[in-house]
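Encoded as structure tokens, here's the structure I'll be asking about.
Labels for the chains are A, B, C, D, E and F, by order of writing; each one numbers its residues from 1.
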């Protein structure tokens, strides 16, 4: 259950309105790496977490903090839109061409759709969607996702920091930059903790015993002039399992030339008969064969 | 420029068709962490990379490899769909109820849309989109994204590995598991190399000098009973800048209660006048004020 | 700022796992009218609300409650997925065909993607997106949206209630049904309050003085045999402005046959010259004319 | 079946072209609350309506009218784009900086994609999708949706009305404003009619007998300083069932702390064993248990 | 303007309900090539068409017909869903396992969301969107799009025809197959007419005089063992401009190795300095240089 | 399997940076008809192709070429963004208003998201998705799709060609125009080859024997004043099967007025009882009836 406190985590007051900056800051609210992404990602990870105590609580602590970050940024955007032009854009431009240039970048949906408030869209008006987030149940892979999200989010915050001189906006972004610095480390430390607690290795390695034991330490070169093998990733030992990295150059493919079996005629896939007739020649038959295969598998009679 | 070789990187031959498994394997082709994601993510990162030589070449080597992985998986799916039921699903079910159960999971678009071939959609039929990928120009943040993508991808591959006993499918998945093991390390080693070459720190820290110097080492607790502070992320020193991590409990918010300024009347945002009249009271005026603010800022006369 | 309390608003414990029901309940988490929709809709409305006090606080009270509803439902789904089949679906089906039928409906992403937890997708695996929500700044229109969202949400909850006999699931749904009953009324009462406070009319009527004074009380009939005019909506007085509703039958269109002006030749729109030459005949000229029109408008010299 | 009449319902002739306004008006064609939304929403509701006569016919009358509204708006946009700049934007800007400012807002897809015609996208270029619409089969909930759509649509029309002085555009928008005024009332009157005919109550209340009888008249407060309880929604009687509204402050949660059961080991969800071993300890076993539960339920032997 | 006629273009009555078929037929309503696609594609093409008379009228005749096809298919789906299971799926499965198998394929949204009516989604529940359609203003390219849409639509209809024995469904599909046969030819004949009227060539060839005069008749081979050059497309004369097709094997790339210029330092793109310093070395400078370039271009002083 | 060659297929060097053009050229990378579309469409078609030899190889030759086209265009965009403004847009605008106008059109995501590189989005920032592509297994229908994609792509390239005078950009676009000219013909020649090889007719005609034999040569008129019947599509013989085209004017609909059966009461679809009671009157009964229908069908006892 959640509770609300009116006061923001950090103040969110621009010195002056700036509708163009408001448009850009939508990327930090609802872009691929906006605050909505980390908020919803951490909340789902926390709700799905199966370890009571420090892990689940930490994930939800940060997820809860991020709700407040969306609030902070949305408040900032609404304030940046104070007095934002609506009806008289053209007249303003006529009065002062410099302005026209700047006003050109205002997002019209800030007037038409949200009436001067923040939108749940990115800087180009694209709706946020949950295809951006992940909660896999596996904390190592999810912490890796979280490090990446915080890193990309911080980079975008930093780029936008450079786009304004407004001291109020910059103060809030200084706060956000610092939180992203801390949160990047928090998730890296989370990975350390998982390893210390014996809950994960450095990398995701489930079914480790079943994977191909050559391909897990081989670098393939796909460009004749590639300098790729010069990097650390192709020289020295692997980080897990300590094996000398191999370089496969040129790449040697398999014998499988990807020819496909004859199609079910009733699907009207174009076919010249070169792979033989459909087994055993009719759609019904092909289906029956497919079914028989499955039956054998299911009943274990194969 | 790219060239094609008919032979697959690894063979992609199931022992027997299995339309239900084909449906599940669509997740590995075109899900959030399918091969299309890493393929397009690495290609765009490579094309956008500004360092000639080992970095750019390595990124494109792997990106090129991944095109072949989409090809391998698509070929596998088309083969798993051999003899897949079309017209006579119901009759098959009548003949053998066990089968009916299994057949229930077939994706109808494998018949209706692709005619027995792979689809560019995930296991639930959702189209792949470029909102899944990132190429920021910053190699540290992008390598962090790549580690996460490989980790999530490997986890999903591993879960699907457990869903089949087909030795042909398993052979290919063993190959894929191993590549994901290697690629996770490759990107981690890439981060090591960036640090060795002086091109990045452990975390994204641009504008480091401007960030808040308390908030970059403070853990905030948002749940009274949180065990979050027990973890390594709230105890000991930060990884960069070596500072003792602080714990802020309870969270102390700012004085800013997020009240918004009066709206432009012409936007018809509901308002009770409690924040004063719009400045200076009409839409045109409010706009003019907003414009004047921007003009001063632009011309530096403020 | 938000805070978290570990205890759920209402308990969320199924008597027994049920993976098929878990799939259906995703609609209530992240469908068009799932809890994520009301949660994000109310939060954005509250953050954008320009009236301090009872309106803003009420909107945020409910928005905060809804975060907890997503948590309750996600917890329920994770519990319904306990022991959900992964590797051995086919064997289970072989052992008991009845089950196979039921199991057929499990969402494979509950295993592959979320590892047994809730997904931020609807019952068909479609990601949730912010195209579902609205925060217009105008409380009347937004309260109308909120009534609709609660009504649709309750209807879907009620339909799913009928799909299960599990007493634990039903208990939670009884709670949810009641909240949706209350919240529907809350938003209707909110509209009453807005009217009482002089902040809105029964309907959205900005620019009322400018609208066409016949078309605001005319019912048009577009089907010769339509019984539409028999309803209250075509008989008696309008609700606002008290006018006798007119019926226009048959519909009498304007004289405008929608012919388009000649195209800019450089856009290669197919054109037969029948509307005259492009003004004044070349792309540059057409552009210049377009520009001149705008200039005159902007500078007021027209 | 549908028929076409060349003449528009109302004329759609701007006095002068205006490419920037054309961009903004895309919101009215294909935004979340554009005419495509009401058109497709009403058509699907009408086609799915199970009451022959006045309800079905009224819904389809309006749905058919809305097809013509998309046509009107698309025609307007194509006319506003007459002579819209293509090749020589930069030169035009050089000749007259004021213009440059205004031209900056032109949507490049109006040239590149549609060749000077209307696009099926919103003002920011986002494609329209059917996630915006609903046809639930339940007329009360759908009429609630229709009121909301007309209200939001009218508000956006009204905001855009203020953005132009073009008398031709304004004439058409006056017509549209009036239709939205009438249609808001039409759906409200539809709800009156449903109640009069005994087909619905004021709110959606299916399974009314099963819902929690306290929670259906309780307002929960989630912010210590909330003024929410001052509003009509928290004082007095409910609209249905006439009960005194209760206020729950502070919120008292359940005893359920949302702990999750142990995971299936084969899903590799991170887990510390604190909730006991997986039942009965292996993936196969956990699956078998899950299946057994379902079997009992299905066969009624539980 | 549009009008409605209650009677369907063709009758739409299944002999018996079939919820699984209803799910599949959603592809024909709202899939990538469903009737919504051709309906909206033709309507936008017609509204945007700049030739009064036979072209515009023909496009709108067919577009109007297609509205009625969505209606026919939606009606069919609602009828196929008559008596579709809701509450008692599991009990039905227990009573008859064969059925369970078939029922497994029912789309739960047909109960939860649409209450037994058609959905505006495809067979996998994915919403329809306007990214599927095109109206370019150029009739040749749009007629090519229309041929493709009718061909894909007919193929999918034909595949679904094979999936049912229901005589009522088959009768409607026979009608649809025939319309798709006619419409494919209609658009091909439209291309003939465009050529006859001198409004288009066989292919889109605007700016023909500017295109590379070797690359317009060269086949490039990108696979050493490609049999591609054996086909008509690589042998003989081109269809337009009558030139002997050349085969370029092996492909000879340019000298351009795609190195990128140095980045603006303030964007934090990773860079090793190997391409020189940013011009002239600072972000402000780089920006100024970029601006100067544009200024020269705009003012023609370069 | 794929390999990479560093050198581009054609050089991709603008004379000068131009951030506004970069924004427009995103349409050619990742718009509906951008190079990503043909690249992924041809690759999936090739991988799914069931005819070894010239067809499969040709499709993959072109698909492989298209990967290189995305690379060329992405490289061009990164170069056009050299020195693109980041931090000091406003100052630049103040210094030179002309520029401000031009700069207004820059896509902020080129700074915020990609750090000066190409984005995988269209010119309006909309992510590319696989709903744009098709690979049906049927070569005739897919070649029709390919002709359409090349035609639309060429038209958009040609429009953008007119938007710039930069000789370097124009050189690359001349190359692209020529490839689109050739590729349009390639797919038309592919259709000729399919017919020559007996693998397809002029149009998609599977289940030809089952289609309605009147409707396959009838033009329906849906507008009383339609000039549609004047065109070749309504006069003369059909292209296949050589029949005189009939004109149906006015359209004569069926007797079916689209009334729907009574709903399952448990779905709460609004209903007045006019179609009789639900069969046989209860939800369970209606479900049982539906099930019985399916059972008879499956077991052939009907």
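Going forward, a contact is a pair of C-beta atoms (placed from the backbone, for glycine too) under 8 Å apart; a residue touches a chain by one contact, two chains touch by 3 or more.
All values reported here derive from a predicted model rather than from experimental measurement.
Colleague: Which chains sit in contact with both members of the pair chain B and chain F?
Modeller: A, C, D, E
Colleague: Which chains lie in contact with each of chain C and chain E?
Modeller: Shared contacts of chain C and chain E: A, B, D, F.
Colleague: Mind checking the rotation angle between the two copies, chain A and chain F? C-alpha superposition, nearest 5 degrees is fine.
Modeller: Angle of rotation between the two copies: 120 degrees.
Colleague: Could you state the distance in Å from the CA-based centre of chain B to that of chain D?
Modeller: 28
Colleague: Report the inter-chain centroid distance for chain E and chain F in whole angstrom, where each centroid is the mean of the CA atoms.
Modeller: Whole-Å distance between the two chain centres: 3.
Colleague: So which stretches of chain B touch two or more other chains?
Modeller: 1-9, 32, 47-48, 53, 55, 60-61, 64, 71, 75, 78, 86-87, 90, 93-94, 97-105, 111, 113, 115-117, 121, 124-127, 129, 131, 134, 136-138, 140, 155, 158-159, 162, 206, 222-223, 225-226, 251, 253, 257-258, 260-261, 263, 266-269, 283, 297-299
Colleague: Once bound in the complex, which stretches of chain B touch chain C?
Modeller: Residues 23-24, 27, 31-32, 97-98, 100-102, 104-105, 122-126, 155-156, 159-160, 162-163, 222-226, 251, 253, 257-263, 267-272, 274-275 of chain B touch chain C in their complex.
Colleague: Flag every residue of chain A that touches chain E in the complex, lowest number first.
Modeller: Touch residues, chain A against chain E: 155, 158-159, 162, 266-268, 283.
Colleague: Write out the stretch or stretches of chain F touching chain B in their complex.
Modeller: Contacts found on chain F: 1-9, 30, 36, 40, 43-44, 47-48, 60-61, 63-64, 67-68, 70-71, 74-75, 78, 90-91, 93-94, 113-118, 120-121, 127-131, 133-138, 294, 297-300.
Colleague: Which of the residues in chain A end up touching chain D in this complex?
Modeller: Chain A reaches chain D through residues 1-6, 47-53, 55, 86-87, 89-90, 93-94, 97, 99-101, 103-105, 107-109, 111-113, 115, 121, 124-127, 136-140, 194, 197, 199-200, 206.
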